[in-house]
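Heads up, the next two complexes both have subunit A, just with different partners, subunit B and then subunit C.
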Partner chain A sequence: MTVADRRNRGTILALTGPAYLWLTATIFLPLSAMLYCSFLDKSPLVPQPASLTLRHYAAFIEKPVYQQLMLWSLELGAIVTICCLLIGYPAALALAKVIKGRWREAMFLMVVLPFWSNALVRTFSWTMVLRPGGLADQAIHVVAPGAPALNLLYSYPAVVIGLVHSYLPYMILTCYISLQAIDDSVIEAARSLGARSWALFRRVVFPMSLPGVLAGSALIFVPAVGSFMEPRILGGTKGATLGMAVEEQFTVTANWPFGAALSFLMLGAVLLICLVLYPPARKRMEGL
Partner chain B sequence: MSAVVVTDAVKRYDAVTALDGVTITFREGELFGLLGPSGSGKTTLLRAIAGFVTLDRGQVLIDGQNVGGVPVHARNIGMMFQSYALFPHMSVAENVAFGLEVRGRPREEVARRVQEALAMVRLGGLEQRKPKQLSGGQQQRVALARALVTRPKVLLLDEPLGALDRHLRQEMQVELRRIQRQVGITTIFVTHDQEEALTLSDRIAIFDFGRVIQEGAPMEVYERPVTKFAAGFLGEANFLHGRVTSLEPGGLARVALEIGGAASCRLKGGQVGQSVLLALRPEKITLSTEGEAGMNAVRGNVLDVVFSGNSTTYRVAVGEQVMTLFRQNLSQGTVAPGSDVVLSWSSDHLVQVTP
Partner chain C sequence: MSKSISRITRRRFVAGAGALGLGAAGALGAPRILRAQGGKITVLNWQGYGTDEAWALEAFNKATGIEVVHDYFNSEPEMITKLRTNPGAYDVVLTNSAWNGVASAEGLIQPVDTAQISHFNDLNPSLRDSALLAKDGKVYGLSWVWGMTAIAYNTEKVSPAPVSVEVLWDPKLAKRISLRDDAIEAVSYGAIATGQDMNHPADLAKVKERLLALKPQIATLWSSEDEWNKLFQSGTFDVAVYWSGSAARSKTNFKLPVGYFVPNEGGIGWFDGLAVAANAPNSDGAHRFIDYMVDPTFYVEWATKVGAPASANTKANEQLPAEDVGRQIHADQAAIERLQFMAPLSDEERQAFSDLWTEVKAEFAK
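Showing the complex of A and B:
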């Protein structure tokens, strides 16, 4: 190793050290503690010595209700991700390739605005919009006075609406970045070669924006699968998720080890999905 | 093979006039260079022919058909970009096949024509590579194959060789010329490199401020520039101010030069007493250490001498002006700075230009 190499290594260490130290301290340590907790037979709050057990993981397999909750959570994550993509991608496309100058800044502000309000306030505000006779109903009655009440609050669509509202900016921003990176001359080349708008989008623009689509999907799918606040506030009994079950174990029944086990099972399921999807996605993005 | 005719093309962007009444006929099968400084309108014209720019006034005719309302994808043009603009997620073969596939050609035909196109640009064997895995010269060839595989009516090249280093650029110039001849396609290219324009083109047009200053074969434009800008942009030139003193019956005029001495040259019209501007290329001037000033010969003093291998550049003070001349390095050796010299030239090489 030359002197320059050694100095280089020192620089890299100095630049990345703080970030990795912080990540180790704030993510790795608590997570390891929680993983250990999931194998204990008593909650760490109980002042008695605890022993190791696999009981909580076995409980997940034995009780179909938790498997059902897991499936519902994954389904909810998928639906929210797809909705964000369907709503967010066209907006990102317009922002990246059509809207220019000041208008783009103004539109961006509107996209980022949800981030500036408190998540809890944001979610509760939806209850006022979606409840029977709420703002949504009133708006519809202005257009169609005879229409039946929507009655969306405490339903599955309400949960999806709340989650999409929370996570849509992630999709718009990641897609925007990858669409923005597509050189206009590449698009012009495709048009000069005879591609109409649809072929241009399907064969050039969309494939080239896949990194943004996947990054946004991952950023949304993972927290949406684990969501518990929106399902509780907007879904009532209709929006049961595994995230809510986890929360319950920690806050209501005080069964920390079982809550921890459930959350690690969820983490495992999400990791497994990512692991399965990664190789084909990587193949499609070769060369980008 | 098609002719492209542009008539009275005008394009304005807010305060800037990119094209200010351009009329050019691009003949069938010729390689035509659009030359000019940046912002002179040459790229706007190329993009208007492609269909990316809508003209405010004027027409573009391809094969005699007005393509004003025809969208880019339906114009059947081949275009090559300075950045190559290859599709990074597609292999070389997929890049070349793109134009045929969006036209819905059958699979066997696509495969065959992709092979032919890649063979033509000498890239056989690299079909499965991604653009990132190719060198700049190879990417250039893929871009050319992709633009030609659909057998377009006209090939448009935007600064085609601008991104390559000097050696590769010369190699690609030869290659481009060979392929263009082989296919026989009407080709229009934009460049700001005068040497490239002179080497490649059958004909060139010089642009300035959205107008065509001069159009013609490279040698004709070089030897007979019509304006001071054309003479100065394409190669180097000395500009001599003078006043017509007499008109001879043979068509030659005598001009008293501002730097002292007299010259004779052919004028486009003109009368006695009129002031004229004459351009004189540096390589047309003969330098000698003996002789007298007289008709087409002026006395000067060498300011500096730059030796550059095959030739030497002299800067010579003549009156209040500095004249530049190139001298081939035969066997005479160089003349030292400070020497008194006589510069002379032939009447044929003095060209009257408009200021």
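Showing the complex of A and C:
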């Protein structure tokens, strides 16, 4: 090993060390504590000694309602991710390749604006927009008087709207970074070789931006699957997710182990999905 | 109620409220002049639930020199967790009829020395001596306030005034009903509607069937008083399960057209006790604070200024003005007799109720 190598290694350690230490302390330790908790037969902090059990994982299999909720949560995560991609990608493309200068800055400000408000406030403000006779209805009546009321509040679409609004910036920002890194000369080369717009997008631009798309999708899919606040406030009885059931185990039944088991089953399902989807995506990127 | 009584009551109320500054100091300080003054106590309670009213803490501090600081919980399991994980951190803790037994069984709270409570004899005996706030014949929670979880309705839209729990299932009110998103409350009302013991219903399948039948009825579920008021005001629902003290506040403070009744079949009753934490650093101060909390001077101001559940102190309730909405709601003796009071549930029961409610909600979502 050369001196330069060794110095490099030291630099890498110094640069990444704090982040890893932080991650270990704030994510790994509480998560492992919760994983252990999910195998206990009673909540931690109860004075009686606890013993290990698989009961809570068995309960998930025995009670079909929790499997149903998991399926719904995964479905909701997928729908939200796809909607974010469909709305966010074109916006990122425009920001990276069309809009320039000060306009770009202004657009960025609008993209990150939702991050500046509290998630709960943001969600409640949607209830004012979506409720019958709310802002959305009023706006439609200006354009088309006599149009029927939307009546979106307390429906599944309302949950999707709220979640897409919350997570859209992740998709725009990650896609923007990938798109912006594509050298304009590559695009010019493709054009000079006779690629039309659609072929240019499908065979050059989109594949090269795939890392951003994947990163954005993962950043959105995972929290959307675990969401419980937006489904409750915007979905009313139509929003039911496993996240809400997990919350119930911590606040109502005081059954931490079951809540932890449900969380880890969800985590397992999400990891499984990533595991299945990642290799083909990687192949696609390596083929470039 | 006759006019003469109401006039006396009003006069007494005005006198009581007017004399708060000096009056409170006198009432609190005089009998215990020999006690140590000052110090600090920590109270564990829901946020905005009486004990943390700024004017009250000021009056209490003036009278005793004791500074009151607060910590809050958002659910009863959280309250128990906080007591378990922070022994010696709290002096006074709010425990209700369903959770006091849990806390005392685990040794998280200590018996209240009732000799130190000057208002003890004025407390309603059926609450004061309830087994739900006691263990081994000792008082573990001093009964403070009580209330009902019954049914509120929009008086402008629902007539005649409903009297039965069946109003929740009335097909004419499809999509006009709301319940709190709470497993125990939902199961309790399912049990009441099927004529069962609310705390330990023998036939949970029947309860589930009744709750599932609410699917076409429910507009949405609510989770906080603030949300309830907003939903009611925007006309999202016309009939909803609601807390009695909150119903009084909605009517008095927000001028909402709220009617309130305990169904003929029964309703949910609950009462809150103030307990002294085990290892309380200032148990003397804790007792004095609890005594102040059941003092009519404090209660009348809390009820009239802010809105409160009914006091466990019968004298305090009598001092409310006759037109006070809360007083009217809580004075219907026949309704009170129809209440079933919330009792402790075993972990298994709580889990069964929660599973049942989750299943019902999943069915609602389909």
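The rule we apply is simple: the second predicted complex is superposed on the first by the 274 of 288 C-alpha atoms of A that agree within 3 Å, B and C clash if a C-alpha of one lies under 4 Å from a C-alpha of the other, contacts with A are read in each partner's own complex, and residues count from 1 in each chain.
One rule holds in what follows: a residue touches a chain if its C-beta (ideal position, glycine included) is under 8 Å from a C-beta of that chain, and two chains touch if they have at least 3 such contacts.
Fair warning: this is a prediction, and the values are worked out from it, not measured in the lab.
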| item | value |
| --- | --- |
| Superposed partners subunit B and subunit C on subunit A - clash or fit | fit |
| Touching partner for A:Phe258 - first (subunit B), second (subunit C), both, neither | second |
| Partner touching more residues of subunit A, whether subunit B or subunit C | C |
| Touched partner set for A:Gly194, first subunit B, second subunit C, both or neither | first |
| Which of subunit B and subunit C A:Arg284 touches, first, second, both or neither | first |
| Touched partner set for A:Ser185, first subunit B, second subunit C, both or neither | first |
| Vertex subunit A, arms to subunit B and subunit C (CA centres, degrees, nearest 10) | 150 |
| Subunit B versus subunit C as contact partner of A:Leu45, first or second or both or neither | second |
| Which of subunit B and subunit C A:Lys63 touches, first, second, both or neither | second |
| Subunit B versus subunit C as contact partner of A:Met208, first or second or both or neither | first |
| Subunit B versus subunit C as contact partner of A:Ala245, first or second or both or neither | second |
| Partner chain in contact with A:Met110 - subunit B first, subunit C second, else both or neither | neither |
| Minimum C-alpha separation between subunit B and subunit C after superposing on chain A, in Å | 44 |
| Doubly contacted residues of subunit A, that is, touched by subunit B and again by subunit C | none |
| Subunit C residues touching subunit A - in the complex, by the definition given at the top | 74-75, 77-78, 80-81, 84-85, 106-107, 181-184, 215, 218-221, 223, 234, 236, 347, 350-351, 354-355, 358-359, 361-362, 364-365 |
| Partner subunit B, residues of subunit A touching it in the complex | 183, 185-186, 188-196, 199, 203-204, 207-208, 210, 284-288 |
| Complex contact set, residues of subunit B against subunit A | 50, 52, 72-79, 81-83, 85-90, 98-99, 102-103, 130-132, 146-147, 150, 156 |
| Subunit C partner contacts - residues on subunit A that touch it in the complex | 42, 45-47, 63, 65-66, 68-69, 72, 131, 154, 232, 235-240, 245, 248-255, 258 |
